[in-house]
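Chain lettering (A, B, C, D, E and F) follows the sequence in which the chains are written, and residue indices restart at 1 in each chain.
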Amino acid sequence: MTAPTSRRRLLLVNSNTDAAMTEWLAGKAMVADQGAELTIATAPFGASYVDSRADVVVAAHAILVAIAQASTETRFDACVIACFGEPGLGAARELFDFPVVGLAEAAMHSAAQLAPRFAICSRSTRWISMLEELVTLYGFRDRCAGIYALSALAPEAQTQAESTAALVRVMPDLLRESGAAALILGGAALTGIAAEVEAGIGLPVIDALTAGFAQAGVLAALRPGKAWSGPYSWPGHRDVTGLDAALAKRFQVPPGS
Amino acid sequence: MTAPTSRRRLLLVNSNTDAAMTEWLAGKAMVADQGAELTIATAPFGASYVDSRADVVVAAHAILVAIAQASTETRFDACVIACFGEPGLGAARELFDFPVVGLAEAAMHSAAQLAPRFAICSRSTRWISMLEELVTLYGFRDRCAGIYALSALAPEAQTQAESTAALVRVMPDLLRESGAAALILGGAALTGIAAEVEAGIGLPVIDALTAGFAQAGVLAALRPGKAWSGPYSWPGHRDVTGLDAALAKRFQVPPGS
Amino acid sequence: MTAPTSRRRLLLVNSNTDAAMTEWLAGKAMVADQGAELTIATAPFGASYVDSRADVVVAAHAILVAIAQASTETRFDACVIACFGEPGLGAARELFDFPVVGLAEAAMHSAAQLAPRFAICSRSTRWISMLEELVTLYGFRDRCAGIYALSALAPEAQTQAESTAALVRVMPDLLRESGAAALILGGAALTGIAAEVEAGIGLPVIDALTAGFAQAGVLAALRPGKAWSGPYSWPGHRDVTGLDAALAKRFQVPPGS
Amino acid sequence: MTAPTSRRRLLLVNSNTDAAMTEWLAGKAMVADQGAELTIATAPFGASYVDSRADVVVAAHAILVAIAQASTETRFDACVIACFGEPGLGAARELFDFPVVGLAEAAMHSAAQLAPRFAICSRSTRWISMLEELVTLYGFRDRCAGIYALSALAPEAQTQAESTAALVRVMPDLLRESGAAALILGGAALTGIAAEVEAGIGLPVIDALTAGFAQAGVLAALRPGKAWSGPYSWPGHRDVTGLDAALAKRFQVPPGS
Amino acid sequence: MTAPTSRRRLLLVNSNTDAAMTEWLAGKAMVADQGAELTIATAPFGASYVDSRADVVVAAHAILVAIAQASTETRFDACVIACFGEPGLGAARELFDFPVVGLAEAAMHSAAQLAPRFAICSRSTRWISMLEELVTLYGFRDRCAGIYALSALAPEAQTQAESTAALVRVMPDLLRESGAAALILGGAALTGIAAEVEAGIGLPVIDALTAGFAQAGVLAALRPGKAWSGPYSWPGHRDVTGLDAALAKRFQVPPGS
Amino acid sequence: MTAPTSRRRLLLVNSNTDAAMTEWLAGKAMVADQGAELTIATAPFGASYVDSRADVVVAAHAILVAIAQASTETRFDACVIACFGEPGLGAARELFDFPVVGLAEAAMHSAAQLAPRFAICSRSTRWISMLEELVTLYGFRDRCAGIYALSALAPEAQTQAESTAALVRVMPDLLRESGAAALILGGAALTGIAAEVEAGIGLPVIDALTAGFAQAGVLAALRPGKAWSGPYSWPGHRDVTGLDAALAKRFQVPPGS
């Protein structure tokens, strides 16, 4: 039994203001989800590389602007926010009527179906505490066995090849000691090396960007309608000042209007 | 930017010994995942309709037999165990080298990306306590706002049309009071009505079977290799007696052999 | 034994863009903390009344701008962010070198010292889900017995007198049934009525604004130095674009410079 | 004040298909509970030594068969399932009308009354992840300070004397570092050495088999009736195919019939 | 296979200063544990009926005195503190070298082996909050579905017959709604009626005093030695003033001396 | 905007029977809270230095006596129990009508506003397990990253200068590894050195005694009335025997009478 396939329209938003990185992420995403028609957008203001709570706060606002601008003309099947700190995730779910995916969330929900306990590794030590909070909020306190930063584990690793080698060297012991049996790699620096790392450590390795696009496929497949009540419903019209026009409109007319 | 799509080979295993139900579930699954090439299998022994812990224990064994028999010749990209009690899920992940999906797990991981808190409804009251344990194990203790049984909420509802009408009538108040903003429908009796219920209640409704196939797509997309150590690795050769030959072989040679 | 007192310099930032409300909150705050020298600031952009995740995302950015501008010339002993959703709280703790207080956080830590379990009531139903997440993050999952919205409990109550009367009428039963023995009132609409409500219900009632200023006193008394490592340390210099000049400077030079 | 004693009729079921081990366990059990009249049964199919999720799935079915066969003629005061993975525990509680005891569960409930936090040690590393799930389900997430496998701690230890010596050597440091003040020993390989280990480490050591028989005494003393509603009540008549006749009967007539 | 039985020496300490109640409890205990040789003791100071935190604080001290006095001459196999608030439980475990049992703890560990979730009912509403804390500490937050006070459910019920009738009337609905499938009865007023209540509601009912004596049997059977390090070890010699001589001695010489 | 200040009447109760230590603690407290009018009291019986569960049980009773005696003539704005084990805290909240503060509780609520995760260090290893229970009860299981005892970390450190040096040496690594970004120092031996330790480690250090007085200021500022129902309300008249007259009166007439 087989059946025809459909093509999804996906929006990829980069939380960093670096447009070249957006292109690079899009290339990686196309490998991850060959069935998608991809539109890309870059945060219009903020930090060139997001890895602190302050960066995330600014990026969250910038991402709402970017999605509002990109979706003025086009209706997407889903949107992927390419950032491990989930900037603006809940807010975008309120303002827009297509599913919105966060990379940390998508990766954790994927990993939890592949191993009793998983670990997370990103590049910067500043992500550790932010990810701790996401782990708690998402419910993975007992499923996440460790959160690591490559810059602490192997400060000398700079290139992707060096990062891969470092992960293959240090992760097996860390995973065995912590009881994790799958590893999430997140953040631009560690994107696209999951297959090589997995080959080296013999346990499932989840690329957060790939997981994000795969989970976007789930949400598009489920075709959930916009929530018309409750926490992710549209907040209702409100007076706003000083906002980008496309974003301001999202505070004034319901999605779909 | 667009790219070609690939066709996944999926195995659907019905935990109930009712082969007609397997056919019916396969029909629903084809709607859910039009890109899959689907093989079906039915539990070779046990209860015609599984809804108690004792049924699940027998079904878990039967499902391992069914997967072992179905995968002797064919290598699948993923397997979906069509049962809300996840019979044999972890064991199948040990014995086989393709990802295995459980419906309750898949539905919860999907719902958690659509609402801060979700509720679950199945037909039989006996599922409530079993789902409580899965909610705890999967990490959704704070995310799952309520677990309901339609047979308690609306004992008179027998057909799918009656079930739909009953859910549209009783669920809005239950969801608002519990704080849930998405609803999972699970179990054969409630499969295939999510869209109608969603239209009636104005909040996302997740069909567990659809979620199962969508999450199978995630795991196939991530292409995780077999874990070669840790809890889901192959247990190693062991002496077994009294088992079906196909299953016994899985205890004697590593997957892929 | 007695000893002389000192005068604290506190910054009150209103997350709503309504400057008249800022003045009104300052008046209430002066009652709460008569020993403080108070500076006030208003969010320079965003919603006139914040009560959704989208509002909070914009307010978080606006609050960082407001604190950056207000603290250019003055060094404060502590800052109080007057909003129940804690917009920008962690980010402000990174960027600035004085303690920053959130109202929900301050109120919960105060209530937890007055009763085994407490409840929270604000005006809008949209706060409920956001407060659920804060309750989880702050650790009060087992201590918070209920989160209520007056607009759902008593939609007709508009004035503060009506709100007081409604709370006195409905809260005793809700608190007894939930097991809560203290009540937090939060949000501008319910600020300044705690004493009257307490007199009516016979259980401790915590005004979130008062708690915020009181906890600011705690943090000022503890005189914690700036964290020079770890999650609330300064993130380090980064390239930012499109930001308010005062805020941009906070991303470029360490606090105290 | 003293009073006469009564003699309990207990059923011991071995999850492993090794009948000699059943005899050996019965000998140990008689030491543990000298007041019991003991009947023994061995899993009729499955692995000779159970230590993976796949083994447990098969053993769960086999144990239901074994209990059904053993209880056809005899009514027991309680049944002890001699396996650390609790195969079939909840299902047996549904199908039969005498209390059923699991060794891991019994040992944890006993240890929790002897120390603020306890640790668990079994022989095989594969138990660790399965025990993690039981610890979560049973509620001991904050009470269980560590789960260890002797085969990882001391791979060279093969005999019981070597295991005892190894535990006395390595456990004191592990317990002190983890904060555990009692130790559970589980699995056939570590049965019967608790007293020697305790003498060596100076902290309470719980033999899981002894705890199982002691807790069976508790449940027999409480003389709980069969639950006639709720999760452990009899599931009701159902159509089953391909099952052992004694087990099939338990799906068709209520216990006690 | 059968074996001879042994006779345990148990100490029953009543936390209430009412000596007639101690005798009555001893009578109930003899029914519960016919194999024990029972010594009884009564709190030498404090409240005649303990049901508040203040009562428990005083009772905890009094119980240490009572155990110290009773154990001067006799070595017990275990001690049961007959009070639902566990006064002095951890402290007694430090000072003495025989196992000490608390009724709430014993009842919860017993109930958790009889049902996925249980409920607790005692007479006074003041126990509810104290039991909440014990439920959290003991790990039963997800296993305990409700804590009730008969004085709130049925204020008119005074005699044991009236209490039994009231429980049979109100509990079935409360248990079904909360998902509890076993009921703990605690406190002197509800001691000794478990069998009648169980007959009326068709779910297991645990008498806390019976559970206490049964768990004392478990701890006696396990024969754990005194912990010589860690939290329940003897605290070491210390200077104390103003204490009963028998208790003061326990602070000055190790147990067993 | 500034306003006049008021002077609080605070009661400091030392749980240790060492009156010289009470004087010394009062001196430290005056530094912490220069606006308070301080009354001091010492436990009238028990251990000269409290650091075990048995000590805490006796101290809890003694502290109720001390507060009852001190408050016979004077009405306090708040009371601070100077002990890390919170002896008598909940009971005092029942019996008296002014807020009562515990040092561990106050310190944790303060630290939780200064860092995502904190650690605790006291002198004696016996505090570790007791603090574990408080951490669980207060809700800080996920916020407290570690509990340490200086006597285990640096047994040779005896004076405050040596303790300071030892903490500066060992804490940075422990905090970084555990993810804690603030440190609580508790117990008399570590009181008064927070500023020096903070200067040495570059992360906020909370002195528990200072936090206790600061949180007492919060509770005094909130001016909560006595709870007239629920868990901290007055228990009501009861028959007590063998108690100090001042304490006995508190069991017989409501606070304020």
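One rule holds for everything that comes next: contacts are C-beta pairs under 8 Å (C-beta built on N, C-alpha and C of every residue); 3 or more make two chains touch, one makes a residue touch a chain.
Keep in mind the model is a prediction, meaning the values are calculated, not measured.
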Larger contact count among D-E and D-F belongs to D-E
Distance between the CA centroids of subunit A and subunit D (whole Å) is 44
If you average the CA atoms of subunit B and of subunit D, how far apart do the two points sit, in angstrom?
29
List the centre-to-centre spacing of subunit A and subunit B in whole Å, with centres computed as mean CA coordinates.
26
Tell me, which residues of subunit A touch at least two other chains?
90, 116, 128-129, 133, 136, 141-142, 181, 230-231
Considering only which chains touch which, how would you classify the arrangement: line, ring, star, complete or other?
other
Who touches whom among the chains?
A-B, A-C, A-D, A-F, B-C, B-D, B-E, C-E, C-F, D-E, D-F, E-F
Under the definition above, what is the set of subunit E residues touching subunit D in their complex?
1-7, 26, 30, 32-38, 90, 99, 101, 105-106, 109-110, 112-116, 138-143, 175-176, 180-182, 195, 198-199, 202-207, 210-211, 213-215, 217-219, 221-225, 227-232
Per the contact definition, I'd like the list of subunit E residues that touch subunit C in the complex.
128-129, 132-133, 136, 141
Subunit B residues within the subunit D interface of the complex
17, 44-49, 51-58, 60-62, 64, 88, 90-95, 126, 128-130, 133, 136-137, 230-231, 235, 238-243, 250-251
Please name which positions on subunit E make contact with subunit B in the complex.
116-117, 142, 179, 181
